[in-house]
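In the two complexes that follow, chain A is the common piece, with chain B as its partner first and chain C second.
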Partner chain A sequence: MSLTELAAQVQSQSQSARSLSEAALARLEAASGLKATAWCVPDAALIQADALDRLCGMQKDAGPLAGVPVAIKANIAVEGMPMDCASASLQGYKAPATARAAYLLQNAGAVLLCGANMDELAIGTTGQHSVHGATGNPLAPGHVPGGSSSGSAALVAAGVVPLALGTDSGGSVRQPAAWCGVVGAVGTWGRVSRSGVMAHASSFDRVGVLSQSVADAALAMEILSGPDSQDASAAERDLPVLLKAASSGVEGMKIGVLKQAQAMADASVWEATQATVEGLQSQGATVKVLSLPELELALPCYRVLAAVEAISNLARIDGMRFGLKAQGEGFHQALAQARSTGFGPGVKERLLLGSYLAEHSADLVEPSRRLRAFLKLALFQLLGQVDAIVMPTTPGLPLAVGQQDGGTSDAFTVLSSLAGVPSISVPIGRVQGLPVGAQVLSRLWDERSAFRLAGAMESL
Partner chain B sequence: MTQPNPQPTSWKPVIGLEVHAQLNTRSKLFCPCSTSAGDTANKALCPVCMGHPGAMPRLNAEAVHLAMRAGLALGMRIHARSRFDRKHYFYPDTPKGYQLTQHAWPICTSGQLHLRKGEELVPFVVERLHLEEDSGRLQHDEDHALGDWNRAGVPLIEIVGAPDLSSPEEAEAWLRMLHRVLVAADVCGGAMEKGELRCDANISLQPPDGSPGVRVEVKNLNSFRAVRKALQHEVERLGGLLDSGEHLVSETRTWTGEKTERLRLKDQAVEYRFLPEPDLPDLVLNDGMVGQAVNTLPGLPPLDIHLLRSDDDTLAKWMKAFGLTREQVAVLTRSPDVANFFGQCVEAGGKPDQVAQWIQRDVTARLNERSVALAETPLRPNHILELQAGLDEGTITRAVALRILDWVMLRGGDIQGLVAIQDLGRIHDASRIQALTEQVLTEHPEQRAAYLEGHQERFGFLMGELRSASKGRIDPSDMKTALTQALEPKA
Partner chain C sequence: MDLDFKRISERAGLQVEPQLESALQVQVDALAGYAKALGGLELPEHISESPAMPLRRDVAMPVPSAPVLKGLARQGDQVRLPGVPHAEKRKVAREIRPTRIERVSDGKELQLPSWPPTREDA
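== the complex of A and B ==
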C-alpha cells in the first residue's frame, strides 16, 4: 500500500494511526535482531498517533502522511530524543529541538516512531560500526546492509516502517538502499534543510529518504523540500512536483550511460543495469553512451574533501558540554580522553586521515578542490546532453559480514555527491540472490527527471 | 652568533596594530542570542553558539551593515563578495572547535587613517577589515576552569593596520584615531575597559641596512596607554638584546601592565586548518546594501563620509565652520549623538561657541558622571538654548542654570515652567540681596570677625553661605558687591 493510500485510510478513519503505530512497534520488536534502531519511545509515538486520530475524528486535515510511522536516522534531531549518532562520544545527548526535515514529516502527519541505527557519526559504508550494534540486512542474511544509513534501510526493507529519513554524504542513503533492496533518494544539495542534522561533511551532506516505492520517496521529497530560516544553504526554489513525475513514463527521455563505469563494476552488476537501461529503451527512452575518463578519480577526491570537513564538524565533540563527559588533568588531556574513548576505530581512522590532509592542505586538499570543480563541470556537461544518467548504485554486490572492500562501494554514488545533483537508487532485482540497485542522476534542481526515470525503472 | 654592534639609535621600530572591535549589534553574529547579557554568566546561549550537533549559523545582517559602515568610515574598498572560513583550534572558549572568521576573502580591504604630523596629514594604510565571532571567557582557579560563553559568537571586526608606524607614540595616536572613527561612525561602543576594543601589536626593530627585523607580537593591550608602554618596553628590550649581539626569535608576548612576557615561540604556532564554511553561502553585497551603509553613516551635521575618513579633515572643517578650537571639536565629534545634538542646537539658533561650551563643560561632565549616552537622556536642544537665553537676559544665574540642567537631563521638562513653579528666577532686588547678606553675617559672627582681622580667605566661605541662603539665585557679582559693602567697617 502506498503512503498516499495509507494516509487516506487514516484520514477517513478506516484505520487508526494508533493501530498503524502499534503494528509498527510490534514489527520493530519482532525485528530487534536486526539491530536497526537507535532509540524508540513507544509512548511518545502513540501520543503522536492519538493526536492524529483525534484530528481525523474532527474531520480536520491530518496531512499527506497522516499516521505513517517513520524512522529517523540517529544523526537527525527529534526533540527530547537521544541523538547519539551511534557514537559513544554523544551518548546521553538529547536533541534540544526537532530537525527541520523531521519536523516537516511530523507536520505532514507522520509519526516519528524510532531512531534508526547508523554507522557512527555517518562515517562508514557497512552499518557495522555503531554503539547500538551491527545492523543486519533483512533481505540478505549474512550480508551487511550498507551504510551509513544502515538502520533506515533495514527498517524499510524489513517492512517495519514504510519510510525512513537518512543522510547521504558520499552515498549513505543510496548505497544501503541498493543493498537492502529499497528506494533511496536525495535531491539537489540545498533542496532539503540540514538544520538539526549532525554534520559530517557539510558540503556533501544531504538529507534523503528511504522507502518501498519511488512514489513514496517522491511524496516524501515533496514534503521535505524548501527553504529554512535555520539553514542558509537551503534554497528558495519552486517546490518540485514529483509524485506525478514518478508515474509519467519515460517516453522521449534521453538517458546517458557512462562507459567508464563498466570497467569499474562487477560484470553481473553491470549486466543487471544494462538490462534496466534496455527496458527503459523499450518504453520509449533513447540511450546515449557518455564518457567521463576521470570517473575513477571521484572516490579519492571525495575521500580527501570529506575527511577534511569531517575533522572540522566533529571538532565540537570535546566532552565538555554534551555527550561523554571528559575526564583528565587539564583541557587537552581531558579532550584527548573523551575523543579517544568516545570515537570508534572507523571515525578515528577518518579523523587521522583528515588531520594529516589538513596539515598538508596546499599539496593534498587544494588539488582535490580543483578536481571537484572539474568533475562537477564535466558532469554538468554530460547532463547537458541527456535528461539523466543511469548507472549501478554500487560497483559490487552487498558485502558478506566481515568481508572488506576497502570502502569502494561508494565509487559511483560520490559522483552525484561531488556535484550536488539529485540521485535516486532503485532496486533492479537480484544477482546471485543478493539485492542490486541502479541509480539515476539528473541535473541540478531537476528532481523531476530523476523521479520520472526512477518510476519507470521500478515498473520494469 | 654575534652581530655587528651598531649605535642603539640606528634600530628603527616597525610597528603594526591589529584591533578587534565589538560591533554595536543587538544579537550575536550567527544566532539570535543577545549581545548584552550583562554580568550573569551563560545567560545568552543557544545550540548555535554552543556548537550543538546539527546547529547551523545564520549571518546577522546588522553586523554586516556595521562592518560595511566601518569600512566606509576608513575609506576602504567594500567587496561585493566575501566569505567565512573556519579557523580550527581546540580550546573550551571555542565551543565548535573552530572560530568563524573571514580569512581568505575579507569584506573590506585597503583603507587609510590619517594622523597629523606637524602641519602635515600623513595617511597610514589599513590593510583589511573582516568580520568574525568572539570566543567565550574562562576563569581559572586552582582546581577548576569556569566558562562563560555569553561572548561566544558576539560579532567583532578585526582591523589590521599596515606595519608602517615608527614609534610607540605614533602607534598610540593611530589607535586613538581609529577609536574615534569607529565610535563616531556608531559602529563600536569603544569602551576598552569592557573589551569592546582590543589591540594586539606587531613590532620589529629594523637594522640600519633596511632588512626586515625579527617580528614580535604583543597581545593583551587593552588601553591606549598599554599600547604605548608595552611598545616602549619592547623597543628598549629588543634594542638592548640587539645591542648586546643577541639573536632574536620570533615570538608572541603578553603585556602584564609593567613588562612583556613570552607566551609562545612562533614556531610553536598552531596550524589553523582553514576551511571555507560550507554552511554559509558567500556573503554577496549589492549596491542597495552598500548604499544603505553609506546613507546611515551617522548624520554628523556638517559632515559627509569623506570627512569621516580623516579625522583631521573633520577637525579642520568644524574649526573653520564654527570658529571652534581643536579641543572643542574633539569633544563634539567624539560620538555621533553629541555631534548631532550640537548640530541641532546650532540649527535652532544657538551660537556655536556657546553651545560647544555647554556641551564640553557641563553636559559632558554629567554624562560621564552617570555613564549614560546623550541620546539616553531627555535633554533637548531647546533646553540649552533657553538656559543660555536665561543667562543672557539675566533671568537666571549660572548656578541655577546648572541645577536646571541637572533636572532636565534626568527628567526633561519645560525650563520657563520650572523657573516659575520652583521660584528659581535671579534675585535682582538690592534690598532682598542686602537682607540675605545681613542674615548670613549674623549667622556667622566669628567668620565675619576673622575676616575683619585680616583673614581674607573667609570671604569665600561667606560667599558660599550666601549662595546657599539664596539657593544660588543671586549672581556672583551681585553677591560680591553686597558682601563687600556689608563687611565694610561701619562709619
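== the complex of A and C ==
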C-alpha cells in the first residue's frame, strides 16, 4: 500500500494511526535480530499517533503522511531522543531539538517511530560499524545491508516502516538501498535542509529518503524540499512536483549510458543494468552512449575531500561538551583519550587519513579540488546532451558479512555526490539471488526527470 | 612513504595506536596510484577558483561553453560569467537563448532577460 493510500485510510478513520504504529512496533520487535534500530520509545510514538487520530476525528487535515510510521537515521535529531550517531563517543547525548527534515515529516502527519542504526558517524559502507551492533540485510541474509544508512534501508526492506530518512555523502542512501532492494533518493545538494543533522563532509552531505516505491520517495521529497532559516545552504527554489512525474512515463526521454562504467562493474551487474536500459528503450526512450574517462578517479577524489572535511567536522566531538566525557591531564591528553575511547576503528582511520592529507595539500588535496570541479563540469556537459544518465548503483553485488572490497562499492554513487546532482537508486531485480540497483542522475534541480525515469524503471 | 604516525595521530586528536598505523599505510598506498593519475591530468588552473558546491540561485562558471551551460542552466536561472569577454558572453547567450545572462566582471551587472539583447546589453 502506498503512503498516499495509508494516509487516506487514517484520514478517513478506516484505520487508526495508533493501529498502524502498533503494527509497526510489533514488526520492529519481530525484526530485532536485524539490529536496525538505534532507539525506540513506543510510548512517544503512540502519543503522536493518538494526536493524529484525534485530529482526524475532528475532521481536520492530518497531512499527506497521516499516521505513517517512519524511521529516522540516528544522526538526525529528534527532540528528546538519543542522537549518538551509532558512536560510543556520543552515548547518552539527547537531541535538544528536532531536525528540519524530521520536523517536516512529522508536520505532514508522519509518526517518528524509531531511530535507525547506521555506520558510526556516517562513515562506512557496510552497516557493520556501529555501537548498536552490525545491521543485517533482510533480503540477503549473510550479506551486509550496505551503509552508512544501513538501519534505514533494512527497516524499509523488512517492511517495518514504509519510509525512512537517511543521509548520503558518498552514496550512503543509494548504496544500502540497492543492496536491500529498496528505493533510495537524494535531491540536488541544497534541496533539503540539513539543520539538525550531524555533519560529516559538509560539501557532500545530503538528507535523502528510503522507501518501498518510487512514488513514495517522490511524495517524501516533495514534503522535505524547501528553504530553511536555520540552513543557508537549503535553496529557495520552486518546490518540485515529483509524485506525478514518477508515473508519467519515459516516451521521448533521452538516456545517457557511461561506457566507462561497464569496465568498472561486475559483468552480471552491468547486464542487469543494460536490461533495464533496454526496457526503457522499449517504452520510448532513446539511448546515447557517453564517455567520462576520469570516472575511476571519482572515488579517490571523494575519499580525499571527504576525509579532509570529516576531520574538521568531527573536531566538535571533544569529550567536553557532549557524549563521552574526557578524562586525563590537560586538554589535549583528555581530548585524545575521549576520542580514542569513543571512536571505532573506521572513524579513526578516516581521521588519520584526514590528518595525513593535511600535510599533503599541494599534491593531493588541492588537485582533488580541481579534479572535482573538472568532473562536475564534465558531468554537466554530459547531462546537457541527455535528460538523465542511468548506471549501476554499485559496481558489485552485496558483500558477504566479513568480506572486504576496499570501500569500492561507492565508486559510482560518488559521481552524483561530487557534482551535487539528484540521484535515485531503484531495485532492478536480483543477480545470483542478491538485490541489485541502478541509479539515475539528472541535472541540478531537475529531480523531475530523475523521478520520471525511476518510475519507469520500477515498472519494468 | 614518509609517514610520521605519532604526529598524524596527535593532529587527528587521537592517542597513538600502533595497530592503526598499518591501516593508514594501506590507505596512503591506495592513494599513490591516484596521485600519479592526478599528475598526468591537465587540470586547468582556473578550475580551482570555482566553488566546491553548487550555488543556490545562480551558478558561477569559469570559462563556460554552451554545452556545459545547457546542461546546467534552467530557464530563469541567472548565470554569472565573471571575467568573460562581452563578445564571448553574447555568443554563449545566443546558444542558450532562454537563459538570462548576468555579467559581473567589471562590477556592473548587465542582464539579458530575454533574447535578443536589449540596447544596454549590446
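Rule of thumb we're sticking to: the second predicted complex is superposed on the first by the 460 of 460 C-alpha atoms of A that agree within 3 Å, B and C clash if a C-alpha of one lies under 4 Å from a C-alpha of the other, contacts with A are read in each partner's own complex, and residues count from 1 in each chain.
We adopt the following convention: contacts are C-beta pairs under 8 Å (C-beta built on N, C-alpha and C of every residue); 3 or more make two chains touch, one makes a residue touch a chain.
Everything numeric here is computed off the predicted structure, so don't read it as measured data.
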item	value
Fit-or-clash call for chain B and chain C when the two complexes are aligned on chain A	fit
Which superposed partner A:L352 touches (first chain B, second chain C, both, neither)	second
Chain B versus chain C as contact partner of A:T188, first or second or both or neither	second
Which partner, chain B or chain C, touches more chain A residues	C
Chain B versus chain C as contact partner of A:S340, first or second or both or neither	second
Which of chain B and chain C A:G109 touches, first, second, both or neither	neither
Partner chain(s) touched by A:A77 [first = chain B, second = chain C, both, neither]	first
Touched partner set for A:S361, first chain B, second chain C, both or neither	first
First, second, both or neither for A:D231, with chain B first and chain C second	first
Touched partner set for A:L90, first chain B, second chain C, both or neither	first
First (chain B), second (chain C), both or neither touched by A:L377	second
Least C-alpha distance (whole Å) that remains between chain C and chain B when both complexes are overlaid	7
Residues on chain A lying within both footprints (that of chain B and that of chain C)	203, 233, 311, 315, 318, 332, 335, 355, 358-359
Of all residues in chain C, those that touch chain A in their complex	3, 8-15, 17, 20, 23-24, 27-28, 30-31, 34-35, 37-38, 41, 43-45, 47-48, 50, 52-54, 56-57, 59, 65, 67-72, 74
Residues of chain A touching chain C in the complex	188-190, 203, 233, 235-237, 294, 297, 300-301, 303-305, 311, 315, 318, 332, 335-337, 339-340, 343, 345, 348-349, 351-356, 358-359, 363-364, 366-374, 376-377, 379-385, 406, 419-420, 443-446
Interface residues, chain A side, partner chain B - complex	75-77, 83, 85, 90, 93, 95-97, 99, 194-199, 202-203, 229-233, 308-309, 311-312, 314-318, 320-322, 331-332, 335, 355, 358-359, 361
Chain A contact footprint on chain B (complex, rising order)	47, 50-59, 86, 88, 90-92, 95-98, 145, 271, 273-275, 278-281
